[in-house]
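Structures follow.
Shared between the two complexes below is chain A, which pairs with chain B and chain C, respectively.
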Partner chain A sequence: MQQEHLFKVLVIGDLGVGKTSIIKRYVHQIFSQHYRATIGVDFALKVLNWDHQTVIRLQLWDIAGQERYGNMTRVYYREAVGALVVFDVTRASTFEAVLKWKDDLDTKVTLGNGRPVPAVLLANKSDQSREGLCSQLPKLDTFCRDNGFVGWFQTSAKENTNIDAAARCLVDNILANEESAGVDSDPDVLVLPGLNNNTKERGHSRCATCSKF
Partner chain B sequence: MSSSYRNRIQEFNVALKEEKINLQALRELCFSGVPFEGGIRALCWKILLNYLPLEQTLWDSFLKKQREVYSQFLKEMIIQPGIAKANLGLSREDVTLEDHPLNPNPESRWNNYFKDNEVLLQIDKDVRRLYPDMAFFQRPTEYPCLLILDPQNEYETLRRRVEQTTLKAQTVDRNRSGVTNVSSPGKAQNLYPSNEYEVLPNGCEAHWEVVERILFIYAKLNPGIAYVQGMNEIVGPIYYTFATNPNSQWKEHAEADTFFCFTNLMSENRDNFIKSLDDSQCGITYKMESVYSTLKERDMELYLKLQEQNIKPQYFTFRWLTLLLSQEFLLPDVIRIWDTLFSDKDRFDFLILVCCAMLILIRDQLLAGDFTVNMRLLQDYPISDVHTILRKAKELQDGA
Partner chain C sequence: MHLCLYLSCLFACLSWQQAFWCLVQICEKYLPGYYSAGLEAIQLDGEIFFALLRRVCPMAYRHLKKFKIDPILYMTEWFMCIFSRTLPWACVLRVWDMFFCEGVKVVFRVGLVLLKLTLGSVEKLKELQGMYETMEKLRNIPPESVREDLLIMEVSSLVVTEALIERESSIQVRKWRESRGELSHQPSRRLHGTRAIHEHKRRATAIRSGGSFSFLGVSAPSPGPLRASSSLLSLPGFRKSKTPFRSPAKKASFSGVSGFELAPALSAPGQSSTQNLAHKPPSGLPPPRAQTQGAPPPMGKELSEKITPTIPSPTANNTPLPPSLGGAKAPPAPMATAASGGEEQGKKKRRSKEDKKKEKEEEKHRVREHKERDKAEKDRQKKEKDKKKERGGKKKEKDKEKEKGGGGGGGEAEENNGATAQRDSA
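Then we have the complex of A and B:
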């Protein structure tokens, strides 16, 4: 019996920390120094063959980092089941903003059972890190425990370091939440038996066709 | 060049020779696209954006005055603070008991200086990645700002200021880890990884640096809005149009002219960029919703499909509307769309129709697609022929 999951995952953090680069690397296996600033939101899809029984479709929502876009985040966050919170190891201010982003996330979206959505912390641009912030990184274990992150990774979109691992960690946690919550209680994810009739959205488009006269 | 195109250029030339420009007639001409030849487009945009007065005889003196005003802005907002900063190392005359770099008073010049640096760094991040798929903005301008690059001037330029500010951030990092090794400012350039922060040699400046200066001056003069991401995408096409003007007399002043045209455009468009207005009648939310309400009138089936799939207008029209579509198409096509938008008297009502036209033109794909497919269509719009889109928008306007 094959299962297919559809998960909405947010990628958040201050402007210029590399959110778009991480997604482009993860989804398209490419890297460029020069992605245009994200305005509002960008959207990408990654399909994971998780194991023999499970296919996972990750909807990645790349959220604009500038404070001005704060009003929009409520609409963008709805029904998300996980988040990657990114900072830039070469700029301390982006780390200071991590808690602000986590807080924004927790106040605007929760799981069906009222618990916060799992969030993984990404210390990005590790290829450029100088001794400065790097020596602080071990302390992130405590930071994550204290602030409700399920884990952290030192990542580099440029060198393709740890991005798959970070996403895997997040998906593990999302799946664990699914199991503990029970399949029915979360309206965002349907696990249907069989190969062909799988995700919620396909179900939708079929309904639309049917109801068209 | 076809004879019909030659005739069209001729029509523009006639319209632009009038002693007093007939704005209504010019708008109608521009609506179907403005020729680039002879600098016609750059001139028309200056008129459509209410920069140039309609009386042709006033142009010379008006432009002279505006360009002087702009020089004055450069002096007050970039050069003088730069000199004050450079002198600090010599005389320290700016550091007094009343005002010093650690002064938390909001009136403090130092406090302002540091706040400006934050804005400058945000601008800097974005202008370096302006139209990354074309070389133009990375190339040196033929007309670097002499006032700024004057070798007699020993002061902190914006370029230097960005380097210094980035450097400071590093010094702090090191201190925090207990290492007191302070880097020398001379190494600033080496701090930037690979070619991310490549700059041209002294005496040259890239077009993106000119755009950076325009945005910085705008942010200083409009502190209530300052810099919002996306403004770079609005300045970009205007500056490109003026800086590639075949008429070199105008081209030389692309920076000042762009600044004023951008300011005028923003005066009509700025509410989109102001967070506190988001939910007001003039804010962006209302405009995004009017794309859907217009669609509902024109194509109910498609409207219902998007509703049913829970595709909110915020997911794509936010970028379409705030940036006037400048990220959705290649630059020449963006410029063609802007010919039409700028000629619209009810500025930007037509933009709503263009957005609707874009949706209706891909209705078959949208009606067949699931959420994911449709989000990708809307985020990466598949039609590149903007003439088809503009024609459809015009049809919608005419009620067809």
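Then we have the complex of A and C:
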């Protein structure tokens, strides 16, 4: 019996860190050097054949990074179940803004059970900084633990590194939350007992690189 | 900003200074607050837009409401870029042309037409059963589905007047203040098109040169922000720069920028600016007024039949037109723009200083009436509610009557008589 899930996932982070590029790469397998600021919000849909029983439709909300849209984020975040928080490894200021974005997220949206939505941290443009921030990256494990990220990935939209892995990590966490929320909250979804274990196993094996708590 | 880019494309024939001042005019006069921190003005216009949609296309309104699609999710890009990212280039040129001429109401109208186009029929909605599907459709309007001539025809036949927008604006401002507190921008600062800007500028100049303040209405926009930019323009250096179509008759005026090519169509024919039109290469831009007048009456009639039933009488359509506007009575109401376009020009030819004075007084009067009008509107709604309870049957009749009445007025007439008519209906 096939299950279908629809998840709203936010992609947030400072101006020009590559949110739109990550989505373009992930959904349309394209990359463009040309920069075009997102106005307000953009959308994309990624369909994942998670396993032979599960189809996941990821609704990716590409939120404009400019500060002036800050007032509108409450509308954009509504009913989201996961988030990718992106920063640019070549610009330290974008990393400093990560906490600002995380705070904004946590104050404006929570899961049905009141817990914060799972967020994965993406250190984007890894192709551009072979030296730079690399030395600091190990510290990100602690940073994630301290600030409630479920994991982090070094990504490059240009070279297509780790974007799929990051999305899988996030979906794992979203699915785990769905399960813990219980069947009663979503009567349309039938969760098979065998699937629970299965998903958890998958989660562990796939998220080897990211720190899970 | 991308707007700059489009401006430079649109006005390839202008110098960079002129393009820059166009941008300034857009940001300060046409769309104040649109590009400032917090984007309050956009959110407010989103609410106004949604309220207007309820009148213009209830089906689309219900659909968007059903799937909880907030206006800022789709209209932010439309309004902030004035459709330059949404429409095909040929449409963008026409829309921008009209926008410079007539102001923000064009933006509202184009948005409403697009929603009617995408969500205006049962078949179309069948394919869009979901928030994502709807959003996807609204954000990727297929270019082949929008033809510029049809778009402009629809846009000009839509009865969404400045008066209606201003009225809805005051309602939404009140709601905003109740729910979210004070606004940091003044919605009243917005000016509707070249004519309004020119008038405003003229008044500001009068004040500067020692004129009286008396004709400025109670809530008339302060001349402050205008001075900043206009004073720069009137710097000797700038004035000496070659501005071929700057009319010598309007020395200190802003027309070199705001009115540039539109000035001839909008200003009195006595002014020599008309001759200067020849200096301006056409460069693919059709003559500004041509489109609004272009929609021939018979076509408008056809459209009007489709549109009228969905529109309850906006502010003041049920008052008889003043004698000077007799000509506008012949075409049906939804032709307002097209009709009033020609009407406007004719009227302007006739307009003397006396008329202007009269208009000023009228405006003053209107501003004063504005508050009363809101109050009256509230009372009226209350009364209507009561009546509804008492005799539900009669209400329908009243509505019918209202719709019938809606066919009587033109945009211009409404502007002038908005206040009185409101009072009458109240």
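Everything below uses one rule, namely that the second predicted complex is superposed on the first by the 181 of 213 C-alpha atoms of A that agree within 3 Å, B and C clash if a C-alpha of one lies under 4 Å from a C-alpha of the other, contacts with A are read in each partner's own complex, and residues count from 1 in each chain.
Criterion: a residue touches a chain if its C-beta (ideal position, glycine included) is under 8 Å from a C-beta of that chain, and two chains touch if they have at least 3 such contacts.
All values derive from a computational prediction rather than experimental measurement.
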When chain B and chain C are modelled together on chain A, clash or fit: clash
Which of chain B and chain C A:40 touches, first, second, both or neither: both
Contacts of A:22 with chain B and chain C, given as first, second, both or neither: neither
Touching partner for A:98 - first (chain B), second (chain C), both, neither: neither
First, second, both or neither for A:70, with chain B first and chain C second: both
Chain B versus chain C as contact partner of A:127, first or second or both or neither: first
Which superposed partner A:58 touches (first chain B, second chain C, both, neither): neither
Dominant toucher of chain A (residue count), chain B or chain C: B
Segment of chain C intruding into chain B (one of 204-212, 222-230, 240-248 or 402-410): 240-248
Those residues of chain A which chain B touches in one complex and chain C touches in the other: 36-37, 39-43, 45, 59, 67-72, 75-76
Interface residues, chain A side, partner chain B - complex: 15-16, 32-43, 45, 57, 59, 64-72, 75-76, 90-93, 127-128, 130-133, 135-136, 199, 201-202, 204-205, 208
Chain A contact footprint on chain C (complex, rising order): 2, 35-40, 43, 68, 70, 72-73, 76-77, 80-81, 85, 132, 135-136, 139
Chain C contact footprint on chain A (complex, rising order): 36-37, 39-43, 45, 59, 67-72, 75-76, 78
Residues of chain B that touch chain A when the two form their complex: 122, 125-126, 128-132, 169-170, 172-174, 176-177, 179, 193-196, 228-230, 232-233, 273, 275, 278-279, 305, 308-309, 312, 314-316, 318-319, 322-323, 327, 367-372, 375-376, 379
